[in-house]
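To keep things simple, chains are lettered A, B, C, D, E and F as they appear, and every chain counts its residues starting from 1.
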Amino acid sequence: MTDYILSEATRAKYKRISTASIATQLYKRGLRNQFIQGVVPVSPKLETMVGQAFTLRYIPAREDRNGLEVFRNADHPQRVAVETCPPGHVLVMDARKDASAATAGSILVTRMAIRGCAGIVTDGGLRDATGIGQLDMPAFYSRPSAPTNLTKHEALDINVPIACGDVAVFPGDVLVGDNDGVMVIPAHLAEEIAEVCAGMEAFEAFVLEEVLAGAPIIGLYPCTKDENEKKFEEWHQKR
Amino acid sequence: MTDYILSEATRAKYKRISTASIATQLYKRGLRNQFIQGVVPVSPKLETMVGQAFTLRYIPAREDRNGLEVFRNADHPQRVAVETCPPGHVLVMDARKDASAATAGSILVTRMAIRGCAGIVTDGGLRDATGIGQLDMPAFYSRPSAPTNLTKHEALDINVPIACGDVAVFPGDVLVGDNDGVMVIPAHLAEEIAEVCAGMEAFEAFVLEEVLAGAPIIGLYPCTKDENEKKFEEWHQKR
Amino acid sequence: MTDYILSEATRAKYKRISTASIATQLYKRGLRNQFIQGVVPVSPKLETMVGQAFTLRYIPAREDRNGLEVFRNADHPQRVAVETCPPGHVLVMDARKDASAATAGSILVTRMAIRGCAGIVTDGGLRDATGIGQLDMPAFYSRPSAPTNLTKHEALDINVPIACGDVAVFPGDVLVGDNDGVMVIPAHLAEEIAEVCAGMEAFEAFVLEEVLAGAPIIGLYPCTKDENEKKFEEWHQKR
Amino acid sequence: MTDYILSEATRAKYKRISTASIATQLYKRGLRNQFIQGVVPVSPKLETMVGQAFTLRYIPAREDRNGLEVFRNADHPQRVAVETCPPGHVLVMDARKDASAATAGSILVTRMAIRGCAGIVTDGGLRDATGIGQLDMPAFYSRPSAPTNLTKHEALDINVPIACGDVAVFPGDVLVGDNDGVMVIPAHLAEEIAEVCAGMEAFEAFVLEEVLAGAPIIGLYPCTKDENEKKFEEWHQKR
Amino acid sequence: MTDYILSEATRAKYKRISTASIATQLYKRGLRNQFIQGVVPVSPKLETMVGQAFTLRYIPAREDRNGLEVFRNADHPQRVAVETCPPGHVLVMDARKDASAATAGSILVTRMAIRGCAGIVTDGGLRDATGIGQLDMPAFYSRPSAPTNLTKHEALDINVPIACGDVAVFPGDVLVGDNDGVMVIPAHLAEEIAEVCAGMEAFEAFVLEEVLAGAPIIGLYPCTKDENEKKFEEWHQKR
Amino acid sequence: MTDYILSEATRAKYKRISTASIATQLYKRGLRNQFIQGVVPVSPKLETMVGQAFTLRYIPAREDRNGLEVFRNADHPQRVAVETCPPGHVLVMDARKDASAATAGSILVTRMAIRGCAGIVTDGGLRDATGIGQLDMPAFYSRPSAPTNLTKHEALDINVPIACGDVAVFPGDVLVGDNDGVMVIPAHLAEEIAEVCAGMEAFEAFVLEEVLAGAPIIGLYPCTKDENEKKFEEWHQKR
């Protein structure tokens, strides 16, 4: 759907950018709905999740199509997704915001981590969530849920555009996740947003120092006074 | 996905079968989740809606992909769906249960009626709902909603398996809709269910007559007394 | 639980009292939560529903306990409730506000009507809702729902205190239902509320006449001016 | 907040414009959230509701501030709103989408109708809803609700900006309501939207005629073929 | 309701079994709805909660029946439940999923811990949740909630079948709770499920080792290749 | 709205009182709805939050009024609130329980902490939630949310009565927050509640000791046996 490839340089930039900054820049460009709603980290991580989207679409499970034996099929889309999501990519699952059943468990997620995937995001549940939280690879979900995915979800399509937490996710979009949650950056904006946000992060670090030193926010954040702009430039040069 | 074709004879049978009876028979076969939740008739109809599913999948609308100009594109999936849904079929839309915007309006639905479609079902909204309700062709929706579909929904795929009101709908499944709502009958069960339900409807007509004449329901509904079974057989032969 | 018996005289009074007036009087006595939330008439009726509560409690259905064959059991609590709810009483069902399945259908409700029951109230669904709406006996529900109750609900207890639409309903409480919905009047207050509300209804009829004739509401509703009180007394004597 | 005054000429235009058309034109101007969500007509009306907003804000009721005696106060904001909402205006109430209690009843709404108000819109409940539905003046609400407003809502402010059904409503904005629901048109756009939509309604009437005569929608709606544009012009001139 | 008694041997087995494994085995036996929805541990525990259900049913509190003085009654069902729930059992509360008020606080839960109960599960709130979380005895709830239970809940029945988080819970059922949440195992299946799951846990431990060593999941999980089965048998014998 | 000023002595009392105790005492006085629903600490704190309410009201954001440039305005109500909320006060925000966007971020909240405010409470989201959680000043919110407040919320009014989490909050009310959540104490009851609750806390400390020593709760909590009352008096004197 896109031939954009996230470079290591841009990935490195995003590692230091907050989802809050990305949200503001996308807002400025008219994109108001790129934050995956209702999704939290399985466990807090020090490092930010960054990677392009590889998607899996679930539909409601019909009982006669979702017996336990379907997993014996080597072509079952959930299993295929886990084995084919490229290293450095994030597996994003559309579970229609229904977390009454799981969409994956710790064995599958561990396999993804071993394969070098960058993360997993689902708007449904995850089972064995404690085990998943102990991995270095970040995972975002709605909540823990013990029932097997077959209870509610039939894995259907791989790498098609999906909905996740009310956001449109296209294969190849860049996902960035921190403790606030996950932002979806359309592939064609990924370079531009990384560039602009890197600058914002520096300015916000400066502002925070000023605020901790007692400065009022008006005229400083956003910067509407010349003296503050000048101060920032000096601060920036010293770093 | 299926090569089942609903015959006119089976369609005629379903025209006289209630969604309640279908639900009971599917339940008996282990299918508990075939009633489209949260969907009501735009206006009550005397005739039951019957037709095979032709589907349209929406994902959340991303602002930069959904300006009003997209409708100028002759390939826009919503427009194509309206023009290609076969006569006698039901257009079923997956709007992720989000009715804060419409999924179609009266002009498009009128076009479908003129083309001989059997109905339309959406788990989102419909605009110009009064106009839609005045058509003979039945329509089922969540609620009236004036905003254009572009506000929340991007039409993406035609005739793929979808979710509608928490039910899996596969292209070719048989949809039956009355004032209670809409049942989804898997294609491979369509003949069998029609057959069995036709018998149930006769029995229920008999029971209702008995009840109106003062009979208690225990032993009659379900029929566990021999005398009632005999009485029903006599009643049935007279008809 | 109560030995209160609703007399025909009090029933007749309630037939002319609105649920709004009852709500206000219960509010005055510290009872703020006696309106069954989320419940509407299956079809509008000219006559107000009045009757004492006879209750049925459902719990979630466990699949191995709720095959279709349970209805063959003459002791099945739902069937027993339909046959034993006394004439003049209202069958009130606790379905945990889950309307994704029915709690009764038109045959059972017709049986209740034939038996002289005063109505049925459920915070779940009803199937064959059109048929139920055509009966003279009023019915209140959350929404139409084709699936059999066994799909989600196991009938368990008869005539125990229950929750219905977030309200506590004790057997013997008086239920009054009009187009606004259903109020639950604790048995020990039933006489007092009927008495006071009858007076309120007269006053509101007077106020409405005044308002239609152009009177402002301040000083009139509630009546804080002596002249309005006097006017009402004259109006009342003429009737 | 605005000194815009809706002229009788513009009001007349809006009387013939659907909320669906208004939604599309506001969408084109970047306003995606002007449809009051979750609000329906108390009863369908042949005539469209048109009027400028006069607002009332409720906050949650604290028990010690909201005894029945507060209505005896001539300054109670709800009563004042009913007596001061100007003729031709629409009273819009912010009830925080909580319809578990009423925000007005038939006596107050009748008084507004007598005073010449253009309508009432609340995202909460209305009591005596049947009586309100029988008035000529249109009313929009979430659902019928018997409990007095004091149960949940304390009337606080008159004619301040509010939220109603998730939409910002500023005093003086133009509200248009039909069977789909209610659109909020910012005052500064009211003339422009009326003008453009009047044209759209004519075009849609033409399209509907064409569709009923068998025309496909692609190339016609929106109009991307020259021949259709020409046809419309001819149609328009004949009228 | 059941005369099943959980033996210490079976309890010990369940201590090493995950709720995910139990969910899969119940799913295999047609039980899809045994995971208590919307319930989380008050604080994570290393040890799994295991015990038979002892139940308490709440209905909505009516203001005139639930003054603070009711707790002075030695027969108040909540207090009685806390004092009579047998050691080794789990107190399960039906609060109709309403967590706007508490269902117990730290003093009562501490008393249960001292008495040797195995845990507490409520689909409502708990107050003094920090204190409860510090106990060794596990507790599961919807969320912290400071208001006394009397605000919303009247304790009514002890040891009757209830709903908890949309699951049917019968007295004597076995509850197993870990960080994913709580599974309800029907008493008549308790032995069988313990037996089968113990085997599954061993296999999953083997699979996890294989995955960490780089093995792909297809053919391994579930095990569809002979070589993997053989490998597992060897692994199992070595342990 | 009130001229009550929280003294340092009363503040000190509240620092040792739990929200659970306050809820019980307000319940006793007829106030059942003073617990802010749906709000949790951003991070657990050892110290209880205590302070008088300073309020900020948001309404839904209209796109044409909420470009990023509005923050350049020194009078933007959100920025003004952050700079003018008095030291020792709690900033309470009405975000209509919509957490799909933030209501503040870590820079603004840090500024408040530096200014000596006592805390912040919002029924919406907060961005940079990790940074906010690391401050000593307590913060309560619905959940983390990266999108800027402009996405959904327009800051409108300062220090007017508002709704927060379904509770009425008047400027000057006393807010007390611990790990269970936040209670709102009407200003005119602040002294009385502090006094009574201080006594309750002592009694509960005694009860907990007794319970840990094996005492049953009946007759002890609440205290209905003379011997327990006597025992408490002795315990209290020793402290």
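Quick notes on this structure:
In the analysis below, a contact is a pair of C-beta atoms (placed from the backbone, for glycine too) under 8 Å apart; a residue touches a chain by one contact, two chains touch by 3 or more.
The structure displayed is predicted, hence computed values, not measured ones.
Centroid distances built from C-alpha atoms place E farthest away from chain D. For the pairs E-F and A-B, the larger set of C-beta contacts lies at E-F.
If you average the CA atoms of chain B and of chain E, the two centres end up 39 Å from each other. A straight line joining the Cα centres of chain C and chain E is 37 Å long. Mean C-alpha positions place chain A and chain C at a centre distance of 49 Å.
Listed for chain B are residues 32, each touching two or more other chains. Going by the touch rule set out above, the chain pairs that meet are A-B, A-E, A-F, B-C, B-D, C-D, C-E, D-F, E-F.
Chain B makes touch with chain D in their complex at residues 68, 71-72, 74, 79-80, 82-83, 100-102, 105-108, 110-111, 114, 127-130, 143-148, 150-151.
Taken together, the chain F residues at the contact with chain D in this complex read 29-34, 59-64, 96, 98, 154, 156-157, 160-163, 166-168, 186. The touching residues of chain A, when paired with chain F in their complex, are 18-20, 22-24, 27-28, 32, 35, 37, 40, 44, 178-181, 183, 204, 207-208, 211-212, 214, 216-219, 221-222, 224.
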